[in-house]
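Inspection log for the structure reproduced underneath, given as structure tokens.
Letters are used for the chains, namely A, B, C and D, taken in the order the chains are written, and counting of residues starts over at 1 for each.
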Amino acid sequence: MNAATSTEISSQLITFCAAGMLVFQLLLVVQRMLLTNIRLFALQSALLAAVAGTVAYFYNATHVYIVAVLTILGKVIFLPWLLDRQVRRIGITQEIEPLLNAPTSMLLCGGLTLLGYIVARPFTALERLGNNTLGVAMTLVLTGFFLMFNRRKAITQVLALLAVENGVMLAAVALATYGMPLVVELGIFFDVVVAVMVLGILVYRIRESFDSMDTSKLNQLKG
Amino acid sequence: MSLLAPILLVPLVAGLACLLVPSRRVMAGLSVLAFGLLLALGIALIDQVLERGVVTEWGEFLYADALSAWMVLVISVVSLASAIYAAGYLRRDLADGAVTERRFREFYVLTPLFAAGMFLVVLANNLGVMWFAVEATALSSVLLVALYNRRTSLEAAWKYIILGSLGLALALFGTVFVYAAAVGPHASDKLPSFNWSRLMTVAPQFDHGLIKLAFVFAFIGYGTKAGLAPMHTWLPDAHSEAPSPTSAMLSGVSLKIALYALLRFHILTTACLGTPFSQHLLLGFGLLSMCVAAPFILVQTNVKRLFAYHSLEHVGIMCVGFGLAAPLAVFGAVLHMGYHALVKSAIFFAAGNIHQKYHCLELPSLGEGLLQTMPASSTLLALAVIAIAGLPPFGIFLTEFSIVAGGMQAGHPLACGLFVAALLTVFSGLLSHVAHLLLGTAERQPGGPSTPISCVAAMALLIAVLAVFSIWLPKPLLQLITQAASIIRGIP
Amino acid sequence: MNGLSATLLSFALWAYVAGMVGALIFQRAERLANGIGFGLAAVGGCCGVLSCASALATGAATASRSFELFPALIPYVQFSIHADALGCFFGMLNSLLAVALSIYSLGYARGYYGRKNVGVLAAFFCLLLLATTLVFLADNAFFFLIAWEIMTFSAYCLVSFEHEQEETRNAGVLFFIMSHIGTGCLILGFLLMFQGSGSYGFESFHALGDKMPVGQRNPVFLLFLFGFGVKAGMVPVHIWLPAAHPVAPTNVSAFMSGVLLKAGIYGLTRVCFDFLGTPPYWWGVTVLTLGTVSAVLGVLYALMEHDLKRLLAYHSIENIGIILMGLGAALMFLHSGHPALATLALIAGLYHTINHASFKALLFLGAGAVLHATHTRNMEEMGGLAKRMRWTALFFFVGAAAISALPPLNGFVSEWLTYQALLQGFGTTPSLIRLMFPLSGAMLALTGALAAACFVKAFGISFLGQPRSDHTRHAHEAPLPMLLGQGILTAACVFLGLFPTVVLKLLDPVTQQLTGQQLSQQLSLASGLVLAGGAGRAGTVSTLGITLMLLCLLPVPLVLWALFARRARTRVGPTWDCGQRGLTPKMEYTATGFSKPLRMIFKALFRPRREVQREYDFSPYFTTNLRFESHVEEMFQTRIYRPLRSLVLYGSRRLRALQAGSLQAYLIYIFITLLLLLLFAL
Amino acid sequence: MNAIISIILQTLLLLLLAPLLSGLIKNWKAKLQNRRGPRIWQPYSDLLKFLRKDMVISEHASWVFSVAPYVVFLSALLAGLMVPMLTAQAPLSLFGGVLAVVGLLALGRFFLALAGLDPGSAFGGMGSSREMTIAAIAEPAMMLAIFTVAIAAGSTDLSQMVQAGQGPTWKLFNPTHAMAFAALFIVLLAETGRLPIDNPATHLELTMIHEAMLLEYSGRYLALMEWGASIKQLVLMTLLSNVFFPLGIATNASPAALGLSAVAFGAKLLVLAAGVVLVETTNAKLRLFRVPDLLSAAFALATLALLSTFLFG
């Protein structure tokens, strides 16, 4: 098939996946079951991998395949499994009452999405793959950020952090053509994994000495 | 001969070696040795840089200009001092049962890795790699912060890692934007390199809006790591809860490493936009940090937190210096990096000695008259405080003075007024706290063995170095700093 | 400045350095440390006096060039000094006190043997001397500020030398903070000038002068006025002074009020007359007003003190006020284009500067000797010391008479000159503002009279009458070095009083430099015997003549004795006291009682708090035990400084809520910052 | 040469005239109170008596006690030599003008007050405290009044002031002069320890001021003190009369002029004394804490005088 249609298809695919990621993000915001949150995150990462795959396929940039594979290995399989294990070991399944209740958070996320698109608007010219991926990425970052201070459980905060990471990666893959240089991609992936492991260690130690994972209990250091 | 690669490898090797060696003495000796070697390499690097201007290795993967060389020097000096200090300090901690064998080893493995990360930050040519290195320093230092495994230290570590990695995620976002700008609208199949050396050459063609956006994210991200208000909130916790050698490295260098990353973006942005956009951000947030630090210092009750906030203030000072962008100011700020690294580490060492003697750091319970109970450390602490308070003959007076002078040159009298006012407030707080801590008659004579010799030696070393370089800046060093300043001001 | 005095000067500086180092090296052997430190300081002082005096006398000071003291090894900096006339004048003052105080300290420091580290005391004293000398000679803003800061710092260390008492520590901290704030203003001021001149050198500042737009000169002036005013102890930023002077070791308090305050005066003179060009009118008005207020308030608060050293400290404020009156008047005359009058006023101010240095230091030394002998600063426990410490009493008396502006001593001369300047100032302007001159003159008169009252109290209560405590009863005369130190200053007071015209000659180069005028010819009549108050038929005075006449008239009473009282005998008996029996020290008038009338008259200002507690058995009319307490607290302390301090601390405590420990909150800070910056970037 | 002669003459004049003046005032007061009162030259015989008597010096007293009488006496005398009495040219005008006069009187007061404290008696201190207080609050009024005249004359030299006054500019009812004179008159009452500020006749412990300081003196020292006090009074009155009413003062040393000026001087003194007597007899002594009101009134008057120089040229 000719290039025109291929770009057509690719951009549609990418837009679709990005939108999906956004949807999962919003679900993540309202959902309070920890295990479900982890699943949602896994699905979001899968969509990210899909975006990467699309880019790799249609613009035959082979090294982006590596990104896709790494994403699947790391963010779709390994990290969810790790967190899942943590959660089961700790045996807490419910997130406690977040800072803002569901409707308010949804409203806020709507606002953030709007902001994301406003910020991203001037750069549509730069987007060759599907329009508004930058907007989506921006929104993912902002809402992930919101999710982070809206929740109290250590695990959810880690998830939120990873969601922000996803947003960044989306931007990396879709905005800057063909993803970043390979070194950087590897570095980022490696960092994310190590970060989560370190966080895991800390969560474990915190549970040891606080016998709870409620980070709002961590407020002895004042002034 | 190649220097950059060894500078990266030596600490890595040392760290990994510490995983294997059995004896504690060997570990301590090894790290001191490694950092001593690094110092030598750093000094050698200065010559090379002054000679060639820019040193690159591994096919442009590693890159060192005057600024990097200066940072390398600062890192290696402080790390050496803290290695010397740690030798006595951790032995004492082990004896007190503050740390276990395992944690002891952990310290000696992680500290060199931490250092290695910092070296990579300043030597990386690729902005993405630089980001990766910063994240690495964060991850390696987190476990050091949590070393004592107290509730408070875990809390501090948690806040540090969460805020830190969030910030770094944002920084990555900014990096991505820069890359996108580098790629430019017309995509070619050939991947453009993401190397600093190349970016600077093509900076002016970048998309302005994108670079602005990039700088905002990078500013928030690296600013968080550099402890700029209002992203500084992790800083007092982490710095006060970490073991003193680590606090010294955190306050002394790692803040400046993040600042270095920020500066790279600042240079890029200014080169691209040609407007003082980034300067204004630096100036504003610098002043904000100083003003935020001041009240916390006035009413602080914990010695280490006191000096942690003081570091916040000094980060602010440097940012103001860079933001004013006048030759004098930038020169002062660059020099300030070095002086502050020396003094602040010495101060945290003193805090560590106090803690090991009194087993607490709360000013009220410490009481007064430390000059009597621990004369050596107290005298050195007094000297360090004189220096950090910006009193002559120590160099910080010179740097702060020239920053203000630069501000006047650049025509920001109000900013200068605010700057001086913040300095005065901080001075008042610092002086009243320290005077009441050191002077007077001690009610209780704390027991326990006297401070290990190495703990005092490290302080003395730093203060001596400071004193010497306050009144005498050797030609090459001066040249280096001037070059670094001109790099920051975007004059290659 | 010619070779000889230059070498002498460098010799003095080296002596101070050597003294400092030596004292530190030998601090274990305290006698040796004392001897080396203070001995070398004295030597350096002598060299300094010779050097500066010769430079002024030979006029070498006017011709002197600025030269590099030592090459700077750090960029943007020069350590250049320039012993010009003004610098030499203050340097002379500094060295003079250095001699007297160091000799005094040789004896005074013995009191610390075994208790404190005398070596450190001597070392910091030498450092202080070094720093002050450099402050007066520095020719470069950066170098000046370095010397200034070292001076402040060493002064702080000396003030908190006896840091065992809480009071001392707090006073030291207050002093350091206040003067550091002052320094901040100085830095800003200098750098504002630097902005105009593009160099730190004083030469360039001088060249800048009028070229600077007034809109820019005004803030500079205000900054300098505040910065130097703090150091000089000008009301309302004097607050540190009465706290710090009493608690310092006496030789240090003497040096502080003798020289340290004068550093502020030096700076003000240097800036206003040398740098800032022709002053706007309101500068002079401000300085004159502040001077008057300082003078009156200083002496009034001094009257309320019964702590001898605090009393003296408040008098320093008063005298600084008098000096500022001279300077302010000079500024006004400069504006209205009367250089000769300006010179007269300037001379009055500078003359009073050196006078105050001599007699205030003398008084402090006396107080130190008393403290040394009686171990108390509280006048209520003294009395009858004139018989136990004859020499100290004599010296203190001379100082008291001098500071009360009594002829023929030096205080009288400088105040006389001030009066002259103020009176002749009346004609300089048609506007209503000219009323300021006689009115501030009247205030000066009030100040003088109150000072006299205060020193009648100070001398009378502590040296006359009967001893009020055992310590005082067994007081002994101070050791020889201490007396020697006081003697030198007494001689200085008398000389400055009797031979004003000589001093005026020394002042010529200074005024030449600052206002381009030399008045010593006009002001000295009858070959220097008589001091004239300016050209034409303005008044004249001759302290020497007065003294001689008093001696000449002495025969009158003696003749009367010879004529009538040949057979009259004199015998010593108990005090009559209207026939009361058993007079005890308790019945003597107390210091508090002495100042009671003035306390009542100025009630509105002092707002004295008095607590009377009476215990009685059966009827309130038969009191068994009575306790009376009366405090006067300083208005500025209670109205301005304390509220300000507590406000700041309160605000800071509230701000700590920002760091409440909640991670969520911290994240929100970052989030909000991010959003704001995004909007900013758009 | 004739400078020395004039000095000697004026010294004698001061020494001899002073007691007479106080005697006169005492006598006239008595007359106004329908008493016979002491003879005019009673003070002379008092002084002689004191001179002849033995004296007792307190055991607590120090050297100040014995130096004070000389200083008080001599400073008053020297101050007198700086004030023009008969000739416009005061013998010692070169050695100091009005400021020096004030300074010398202050010197005397300083010693007097110290002498009051010296024997450690209960009353001396009270006396000196009050003396210094009143002097202090009288000082600004006095100075301001003097300044107004000095400014008009353009000099602080008394002879200059007198000559300037003699000039054509002098008007009897110049408001400036009138107010300044009034102010200075009140100060005179305060300085010479007259009613309503102090009662020279009393020895009631709690009300006296000047006398309280002399309590411990006896014999020839007391004589010097009293004499010094009266000389001071004479000096001040001369100052007042000659500066404000420089009528008939001899500008040259011709006998005729001197005679005329002597007459004029005597007349002026008599008038002034009469004024003092009137005030003393018609007023009761003020409470100590009411004195400031009086003196502040004097200060206000002096300020008004100053203002009027500004207003009326």
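Rule of thumb we're sticking to: contacts are C-beta pairs under 8 Å (C-beta built on N, C-alpha and C of every residue); 3 or more make two chains touch, one makes a residue touch a chain.
No experiment lies behind these values; they were computed from the predicted model shown.
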item: Any chain that touches subunit D and subunit A; value: C
item: B-C against C-D, pair bridged by the larger set of C-beta contacts; value: C-D
item: Interchain centroid distance [CA atoms averaged], subunit B/subunit C, Å; value: 45
item: Cα-centroid distance, subunit C relative to subunit D, in whole angstrom; value: 35
item: CA centroid of subunit B to CA centroid of subunit D, Å; value: 79
item: Whole-Å gap between the CA centroids of subunit A and subunit B; value: 31
item: Sites on subunit C at which at least two other chains make contact; value: 656, 659, 661, 663, 667, 670, 674, 678
item: Shared-contact residues (touching 2 or more other chains) in subunit A; value: 119, 145, 148, 157, 215, 218-221, 223
item: Pairwise chain contacts under the document criterion; value: A-B, A-C, B-C, C-D
item: Touch list for subunit A against partner subunit C, complex; value: 99, 115, 118-119, 145-146, 148-150, 152, 157, 215-216, 218-223
item: Of subunit C, residues touching subunit B in the complex; value: 73-77, 142, 145-146, 149-150, 153, 160, 163-164, 166, 169, 172-173, 176-177, 180-181, 184, 187-188, 191-192, 194-195, 648-649, 651-653, 655-656, 658-659, 661, 663, 665-667, 669-670, 673-674, 677-678, 680-681
item: Subunit D - residues contacting subunit C, complex; value: 11, 15, 48, 51-64, 69-70, 73-75, 77-78, 81, 92-100, 102-104, 106-107, 109-110, 113-114, 116-126, 128-130, 132-133, 135-144, 147-148, 150-151, 154-157, 160, 205, 215-216, 219-220, 223-224, 288-289, 292, 299, 302-303, 306-307, 310
item: Complex contacts: residues of subunit B adjacent to subunit A; value: 126, 128-129, 131-132, 135-136, 139, 142-143, 146, 149-152, 154-159, 161-162, 165-166, 169-170, 172-173, 176-177, 179-180, 182-183, 185, 187, 191, 193-194, 207, 209-210, 213, 236-237, 240-241, 296, 299-301, 305
item: Of subunit C, residues touching subunit A in the complex; value: 656, 659-664, 667-668, 670-671, 674-675, 678, 682
